[in-house]
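Quick heads-up: structures coming right below.
One chain, chain A, appears in both complexes that follow, with chain B as partner in the first and chain C in the second.
Then we have the complex of A and B:
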């Protein structure tokens, strides 16, 4: 792979990202602009931006890597990533918009009238965001390493610095433009090599044995629920993964805030339809890389599987054509790291800013500071934690780490949102207990994973895919504790319910 | 964001709305549509996974050429995901929103 060409490609993405970011900065003026782009973004732009933000290192590199190693079961990753949006749409999107809250902690505070529940939510947002940022940094390190041979720290540091600068400078408005641009860049980068391979093969350059390699000894790989790649209890693992992805999406901080950028509920629904189409289109391609990788890069199965998307073009077309395509893919991968990291950083920084910094800064300076500066410091903090985590943790597959972030979200915010929106008798104590029990169980599983999971058997299956037991555990905790503590049902429940369930405002301007 | 908090009609009117049959009806209708749909749709995914493992013979039945039942069902999942989304959007636009607007007009009439 030619490192000069790939570095040029990556450089162009970085320049374009910063350029569009600066363009957005000229438009972004007020706090509302900064957080949610003043809710004035059309569904198509917004859908491109949501998809651009959502397709992370895990989707761009990780899914192909997992399918390459573990076979057909891993296709559920792409299905689950997409279906999560449908769940978000039908179960929580509209009521959440009506709540008038900007973030999950805001929602928790209005619904449960408790600063403690709010603080638990803030902690969870930072935790889930960190778990999600970690694989982005790892992916960036891996890409730069594959392209140039430089140590992983380099790529991670580059992404961390650019994201902090961009977020601190432009906030959400500029990010929306950047994200929309990056969806199309990612799709182009991933699809072009595949189309060129297909064209080359049609014109007669068909390498022998591509599809044959799926039969015979490797047939197990293509079978559903096989234990190829050494994953035990495939049925449990698949169900657990599906649950985490279906119900985790609604609790991802960077996803939810996007829905507030729609002007109204109708536009929010339109947006979701377009998002589903865009995501489905994108996810057609990673499995193709995995299947081709099985023939052209079998050495990666036991090693750096996450690099299969990066390696494949130059393996199939040695020479300039392969280098060019390789550069395109590397650029697309960088777009993935930058866009997801930016979105996450905006979301985490928003929470750190509101819940940790504001009060302290006010005390320190006697209120003599700019609100936007507080946000900027928060952005720096939001990226520092995952960067340190990246330095101290071992290598875990990209898509698996992201899967854990979904599992934590599904075990904490999902019960809080679904029950909070639909169940009148949910008590504040119940909400707090559910968040803590689900959060501790799922985070413990995530930590064990990040620092080294048990080798095999049920212990491994339960820890690698925790959602199937942590999510029901959280739901049961909320229900049981709420039944036991009816005296802490929030006094304003009736008002909250009316507000959540009557569309777009009783003489209410929701900002 | 305290600066965007709505001007609040007094509490008792909220409770009235909460207790009103129209509001319960609205919420019930939403739940009756959305919850079963979500359930069905999850079952469909989970059954697919089960079939893929335990009904090999059935899933690898060739319908025509190399097209197997598994492949058709797999594509069917994408199609059904879209179908459900479009169904929901249509339902929300045509049924739910007008009913909710009606309720809103009532509330506004009372609180203003």
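Then we have the complex of A and C:
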């Protein structure tokens, strides 16, 4: 692929991102604008922004890579990423918006009236965010390496620096515009090559022809539950993955922040429905890359499978047409890293700023600092941890690492939110116990994965896809401990329930 | 108030139950009836049609139905409170 053209594409995305960011900065003047864009964003803009932020390196590159190597079972990744929003919609969307919480620790503190639960949540936000940022940086490194041959550190550093500058400079308002723009850029970048391939299709080259031409060992790839690519216990793995993705989405730190920009609970629901449509449209395309990859880039199956989306256009169309399409896809990939990393950095920085930095800065400087500066320092810290982690950890497929972040979220924030919203007998001790038990179990599995999982058998299956046991464990912990400690049920539970569930049209005391 | 929460919760559980039943039975179908793993329609294997295309409109329709019913519950509640 032509590196000059692809670099131009990537450069344009960076310039556009910073440009729209600066435009947003001109608009955002006060601190409240800076954080939440004054809630002046319509459901369609907001849905584009949520989708733009959500479609990460794992969706843009990782899903196609996993399907290319492991076959039909990996289609569950994109299904789960989408169904996660349906679960978010029916379980938490409107109540969460009505809670008025801006971050997960905010929700925990108002619902459970406890600074300890708040602090546990803050730690989890940083942990899940870091686990999610890691594959974004790896994806950026991989893309720059594919395009120019430069070592992976270069691409990761570029994304890290741009994101920190953009987040520190613009805050939420600019991020909303950037994210909305990036959804449409990503969809265009992924869809255009496929449409051109389909238009120019010669017999046997189009996806259906490729699927039909697979025989023997290769045919196994196209079947579900095939253990192709060395994944044991496929039925367990499928269910566990589906649980993690369906129930992890609601606990991702950058997703909740976005919902706060809806004006009310009803708008939060309608936004989510548009998000479902936008995600569904996007996820039609990655499997097509994987299918075509089996025929045009079989060498990637045993190698850099995550680069199949980047490599395919130039493999199918040698010459300028392939270079142009390759540049478009590389630009789209960069949009994916930038948007997701920005959203995560905003979310993590918000937590670091509020819970760690601000009180200390006030003490240190005697109150002689600006709140916005504290947020800027926090943005730098938020990106530093995953960047260091990126330098010290080994290679793990993009979508697998993201899957672990979902598993931790599903085992911690999901029980806290779902039971916190729907169960009035949940106690503060129960909330803390559930977060700790689920968090320790799922994080342990994630760490074992990042630093080297068991080679095979049940041990591997349970560690690679932990959600099927860690999530029920967390739910049971919350319920059992809450039953044992009814004296720590928050005094304001009844009022919280009214605030969470009453439509805004009804005039009640919202505390 | 508690009747509002209860009817919302019933609706939520119905949607989760319905989607869970549909999605959850797909791997089970492939597991119990291996012929479905390779069965093809117009040259495309059934698993790819289901997981690559068909699930998305199903999920979208489920979301639309949920939002309509949830809003109706809230409207009725608002009117009921307003009458009092």
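Note that the second predicted complex is superposed on the first by the 490 of 511 C-alpha atoms of A that agree within 3 Å, B and C clash if a C-alpha of one lies under 4 Å from a C-alpha of the other, contacts with A are read in each partner's own complex, and residues count from 1 in each chain.
Throughout what follows, a residue touches a chain if its C-beta (ideal position, glycine included) is under 8 Å from a C-beta of that chain, and two chains touch if they have at least 3 such contacts.
Everything numeric here is computed off the predicted structure, so don't read it as measured data.
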item	value
Clash or fit (per the criteria above) of chain B with chain C on chain A	clash
Contacts of A:272 with chain B and chain C, given as first, second, both or neither	both
Partner chain in contact with A:495 - chain B first, chain C second, else both or neither	first
Chain B versus chain C as contact partner of A:287, first or second or both or neither	second
Which of chain B and chain C A:102 touches, first, second, both or neither	first
Shared chain A surface residues [contacts with chain B and with chain C]	76, 79, 82-83, 86-87, 89-91, 94, 224-225, 235, 238-239, 242, 266, 269-270, 272-273, 276-277, 280, 422, 497-498, 501-503, 505-506
In the complex, chain C residues that touch chain A	1, 4-5, 8-9, 11-12, 15-16, 19, 23-24, 27-28, 30-31, 37-38, 42-45, 47-48, 51-53, 55-57, 59-60, 62-64, 66-67, 70-71, 74-75, 77-78, 81-82
Of chain A, residues touching chain C in the complex	72, 75-76, 79, 82-83, 85-87, 89-91, 94, 208-209, 211-212, 219, 222-226, 235, 238-239, 242, 266, 269-270, 272-273, 276-277, 280, 283-284, 287, 422, 497-498, 501-503, 505-506
Contact footprint of chain A on chain B as seen in their complex	1, 3-9, 11, 14-15, 17-19, 23, 26-27, 30-31, 34, 37-38, 41-42, 45-46, 49-50, 52-53, 77-78, 81-82, 84-86, 88-89, 92-93, 96-97, 100-101, 103-104, 107-108, 111-112
Residue ranges of chain A touching chain B (in the complex, touch as defined)	32, 76, 79, 82-83, 86-87, 89-91, 94, 100, 102, 106, 224-225, 234-235, 238-239, 242, 246, 265-266, 269-270, 272-273, 276-277, 280, 422, 492, 494-495, 497-499, 501-511
